[in-house]
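Below you'll find a set of structures to go through.
The two complexes that follow have chain A in common; it is paired with chain B in the first and with chain C in the second.
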Partner chain A sequence: MNMQPKTQQSPATQTPAVEIANLSRSFQVGASLMSKGKTLRAVEDVNLSVKRGEVLGIVGESGSGKTTLSRMMLGLMKPSGGSIRIDGQNITTIGRSELSRKVQPVFQDPYSSLNPRKTIGQIISLPLETHGSGSREERTKAVEEMMLQVGLAPRLIHSYPSQLSGGQRQRVAIARALMIRPEILICDEPTSALDVSVQAQILNLLKDLREKFNLTYIFITHDLGILEFIADRVAVMYMGRVVESATAWNVMNAPRHPYAEALLGSVLTPDPKLGLPDLHLGRGFPDPLNPPTGCSFHPRCPKAMPQCSANAPRTTRDEHGLVECHLYPEGASK
Partner chain B sequence: MAAPDNIDAPPILTVEGMSVDLKVPSGMLHAVNKIDFSVRPGQTFCIVGESGCGKTMTSLALMRLLPRSAKLSATRLNFDGHDLLSLSDHAMAELRGDRLGMIFQDPMTSLNPVYTIGNQMEEVYLRHRKSGRREARERAEFMLQRVGIMSPALRLKQFPHQLSGGLRQRVMIAMTLMCEPRLVIADEPTTALDVTVQVQILQLLTKLQEEFGMAIILITHNLGIVARMADRLAVMYAGKIVETGSALDVFTQPHHPYTQGLLRCMPTHDHGAPATRLGSIPGIVPSLVGDIRGCGFANRCDYVRDACRTGDIALRELPDGAAYRCVIPPDEALARPAELATP
Partner chain C sequence: MTDATVKAVPEALADGEIVAPSPREEMRRRAKSHIGLIFGGSIVTLVTLIAIFAPILAPYDPYDQDLTRRLIDPVWKTGNWANILGTDALGRDYLSRLIYGARISLMVGFGAAAIAGTVGSLIGIIGGYFGGRVDSVVVYLINVKLALPGLLIALSLVSIVGGSVGALVLILGFLTWDRYAVVTRSVAQQLRGNDFITAARAVGASQTRIILGELLPNVMNQIIVIASLEIAIVILIEAALSFLGLGVKPPEPSWGLMIAEARNFMFFKPHLIAIPGFAIFLLVIAINMAGDGLRDVTAPEGRN
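Moving on, here comes the complex of A and B:
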């Protein structure tokens, strides 16, 4: 297998790598024979577009819908409404095998996402076997080359996951994901189980591989600090909705939604001259089964106004991106 | 950035030459290797390091909660006038939860799922203060209010699973403070929480520290938290303290190559162009089984020399009680450019 970068499609065909329109997913919770239960809207009316070769960071707290969104993009879960287009093609019309050729995951925990009874070589070559490409010798050669690409010594090919460190395991997971040359990598908190020094190694590696293989990343994390380093654009999720999306620079330097501001304020840089930031956030955590009226962030929002609890804000789109907040009414200049 | 450094007050905790050895199939694992530090009343002392550096073993040793296979030894281990090494199990149990509190990482697993919050909080008080039920309930309600929980009477009747992660950690903190301990050991208290909640919990700890005057040993891998919380800190690597000092000294003038490397690994946010590459530390932590000769960091260090691989590495003392464990003298250590060694 050659290691040349994939030939890029001609720039004229500017179909986004991923296009998500009005995507929703809800779950029935507590349903029984007697009652229908309640509806939990995990993802609601999400619109996102990711260009080829771009890194979209998705940031939000636990329960904000990040992982549900990623599972839908991997075809592991069906949307309740709306659509996902990969390369312009609706995900529901793409066969499972074809989808896995285009979209591959890297999960959070390299301790549970690798089969402990298979060797590293078997784990990395499995995608090739599944897709039936190459002879055994060719596959072994491809595995060794990929191991070098992700910074793993080829002598580890006969080792088992338990013999590897966390960082090495995450490299294995990345190598496995890249074996069939997908276009899109969905990284769900790929470094949050790792130590700081190892996290830096993996982030550098992902950055290199993106250029080498012309990859598109959807990078899910709760740490905005990482996104400044790796992402081009950032979408901020809160209770299933994208409340702000803009370039990473804009979100990091001029966040507009008060929640994005709070997330940015929570990034603790190692500066001993600074104390803890004051986020002015309310402590009332909304119950996803009984979401607050109006804007779902208003119970915690330091800038809440009377209309925030009355009506949900509309989406404002402008040259900066998208924001859903009453502070930025549609048609306003900023 | 808590209370000013209380340099005159006698330490509440003195640790000298403490080691924790674990028997593993392949031999003796030296999880903690002859560490020294002391904590003064009202101070926040942070222990920072990566997984496997011995920080959790250190906290368990101080609480005397080590696994059976572990052997604890020290030349001195003194907490508030008690010799923790010779204290009977019974006396130690009296100390824990009373003068010595502990906050664990995951409040879901450290709270008992089958008892109500009230039951668990009151038990601490009933046991150590020999008070009546009613007094204990009042105290529990008071503490829940102190940690910012609304309608405490209702919460006391609830079970841990009915609370969110942030609330559970608040309950855990309230429970730890029931008897106003002199020292609280918090092992990664916010790692399981969302970032905005993390900041709120850390703020709460700082506020309560001012109110109750307890000392805190905060154990974490998060350098951002250390920088914002610590009065003094110790950086651990491979079971040893490799650098110690005030937060200001260690963060602005790190001397040990490991501390310098760790700081380069942090994605920075300084309203400018983001870094194109992060610094990283090549290699992995050495095995701690068997005899370790020389510096544990030698195989990952950019500045390694022959002297690093033989014998014990002496501690180099710096002004203001700072120190680092490295063969390289201070002027040379500080001369390293910050961006060097970035591959």
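Moving on, here comes the complex of A and C:
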């Protein structure tokens, strides 16, 4: 399998497709009239940059802030701090309808992402109707063309989602997202609700479409195997922070943060003799309302040192990427 | 998934014909085997047709008085086919009045349900979809409505405004919206977290489009079922109000009013009360049966 960076050299490398700077989002939990409640920091001080045509994988456990991040990129949630720039333009200054022409989502659950009361044709043409583009006939034609592009038979145009398989539904969701020709597709676990055989088809489809439509992907998943296949760069999130970000090859073969290492060790193999992977992660995921002191990973970290519980590590940037760990102090390049 | 040779397209294109029936076909199939729905539905349809074609079907003018032909017995007592159901105390043909009375019952029933359904469903969907403060206001409104003694308010309003079909429709419409609101609110609450709502938002759809285009089709079944049951209740209220002299005013041929007017002859002409009473009973029970049937037929689909 080809592990080298897959990005084609494009002339438009000057402005990144997505640039996230110091992005944070916190929620008030359990607030009432009497108490202010607690603050949950879902996303904290995230810095990421995605080049045009690149596939950025975001990986992390449930509750690590992946979905909050994706909702902010879609403009469905306002950041508490920091900024997101799409094509160099701050997301808060882009109008709802203009933003939807740039960024579109593909969701995890193809059962809840399609309206059960609408036909496939109606679902796929919703973006066109919303933007008021084309006549009725033109829209139907565009829908049929798009259905072919994503590998759906146009005769399914009058069926309902309940008549389709999971894989077909996910194709419908992808078709809907592509109807208004966005530049960026945010795929939030697009294959984790599907059978393994169908997963491969959807991943291949996404790969094909990326070239055909010149797309940039932000691929959120907890499955490193998928990222190995599709991603150019990978960001590892833990408790709302990006703890490591590097090329996919580097993360897969030479992970630096102990959490990334542990995640890699957790990948299930089809060989039954190997058994379940042995994780040295100790206790479960910490309570995000009472995050640990210092480095938030230290209670589970097999390589924890005394300083890890005392103060939070600084971000180290070098030619490999970015890592946030006391094992890699600033300036000391490994 | 590391096997890059798996092809992306052919599976979905090549796979077989659609086997699963569409939700609509499924519903039609269930409806066909539901006796209550068929029975109730056909009576309601029949009464509706009678009401629509009243001018053709009625043998006489329902307002035409003939004091020389008062209180004629129906055909099964006299054998006289001129007035099949006899005449009332003012010599008006009872069958013609019964036929025109169906118009008032259905107009009040459907009119009030249309107003209540629109108002209640909109309030409910908005509360359930937006949540938070908006929802608190909606819940407060519903609670206020549930605490109001509906029939008493209807009585007092009608006595102030005066009884006409239009006034009745409006008053009863604004007094029966709460059930629509309660049900649509809870459905909207369940649906708002679904990804298809998020997808519609991400596509740039306005809130109005999401409410009318995405949410409404999903609550339509529930609305229809509630409406069918509410229509029956409203028809009964109209009959009760007219009976009390606070609904439709004479000489309009409302079924409730016909019973009220026949009160004085209750002991020697009982059919004058029995006939409109049976008409109300039949229509209400038919609507209830149809409503129950609709619920049975649509419920499995509504739960997805």
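Structure notes:
Just so it is clear, the second predicted complex is superposed on the first by the 316 of 334 C-alpha atoms of A that agree within 3 Å, B and C clash if a C-alpha of one lies under 4 Å from a C-alpha of the other, contacts with A are read in each partner's own complex, and residues count from 1 in each chain.
Quick note on the criterion: a residue touches a chain if its C-beta (ideal position, glycine included) is under 8 Å from a C-beta of that chain, and two chains touch if they have at least 3 such contacts.
Quantities reported herein were computed from a predicted structural model and do not represent experimental measurements.
In the superposition on chain A, A:144 makes contact with neither chain B nor chain C.
By the document's definition of touching, of the two partners only chain C reaches A:118; chain B does not.
Looking at the shared chain after the overlay, A:196 reaches both chain B and chain C. Counting the residues of chain A that each partner touches, chain B and chain C differ, and the larger count belongs to C. In the superposition on chain A, A:99 makes contact with chain C only, while chain B stays out of contact range. Contact with neither chain B nor chain C is seen for A:318 once the two complexes are overlaid on the shared chain.
In the superposition on chain A, A:45 makes contact with neither chain B nor chain C. Shared-chain residue A:263: touches chain B; no touch with chain C. In the superposed model, A:225 makes contact with both chain B and chain C.
Of the two partner chains, neither chain B nor chain C is touched by A:87.
Under the contact criterion defined above, the residues of chain A that touch both chain B in one complex and chain C in the other are 165, 167-168, 196-201, 203-204, 207, 225-226, 228-229.
Residues 1-4, 6-13, 15, 18, 20-23, 194-196, 198-206, 209, 213-214, 217-218, 220, 304 of chain C are the ones touching chain A in the complex.
Of all residues in chain A, only 1, 74-76, 96-97, 99-101, 103-105, 107-109, 112-118, 123, 126-127, 130-131, 151-153, 156, 159-160, 162-163, 165, 167-168, 171, 173, 176-177, 180, 191, 196-201, 203-205, 207-208, 225-226, 228-229 touch chain C in the complex they form. Contact residues on chain A toward chain B in their complex (touch as defined above): 61-62, 165-168, 195-201, 203-204, 207, 222-226, 228-229, 248, 252-253, 262-263, 265-279, 281, 283, 285. Of all residues in chain B, those touching chain A in their complex are 1, 50-51, 148, 164-167, 194-200, 202-203, 206, 221-230, 247-248, 250-252, 261-271, 274-275, 277-282, 284-285, 343.
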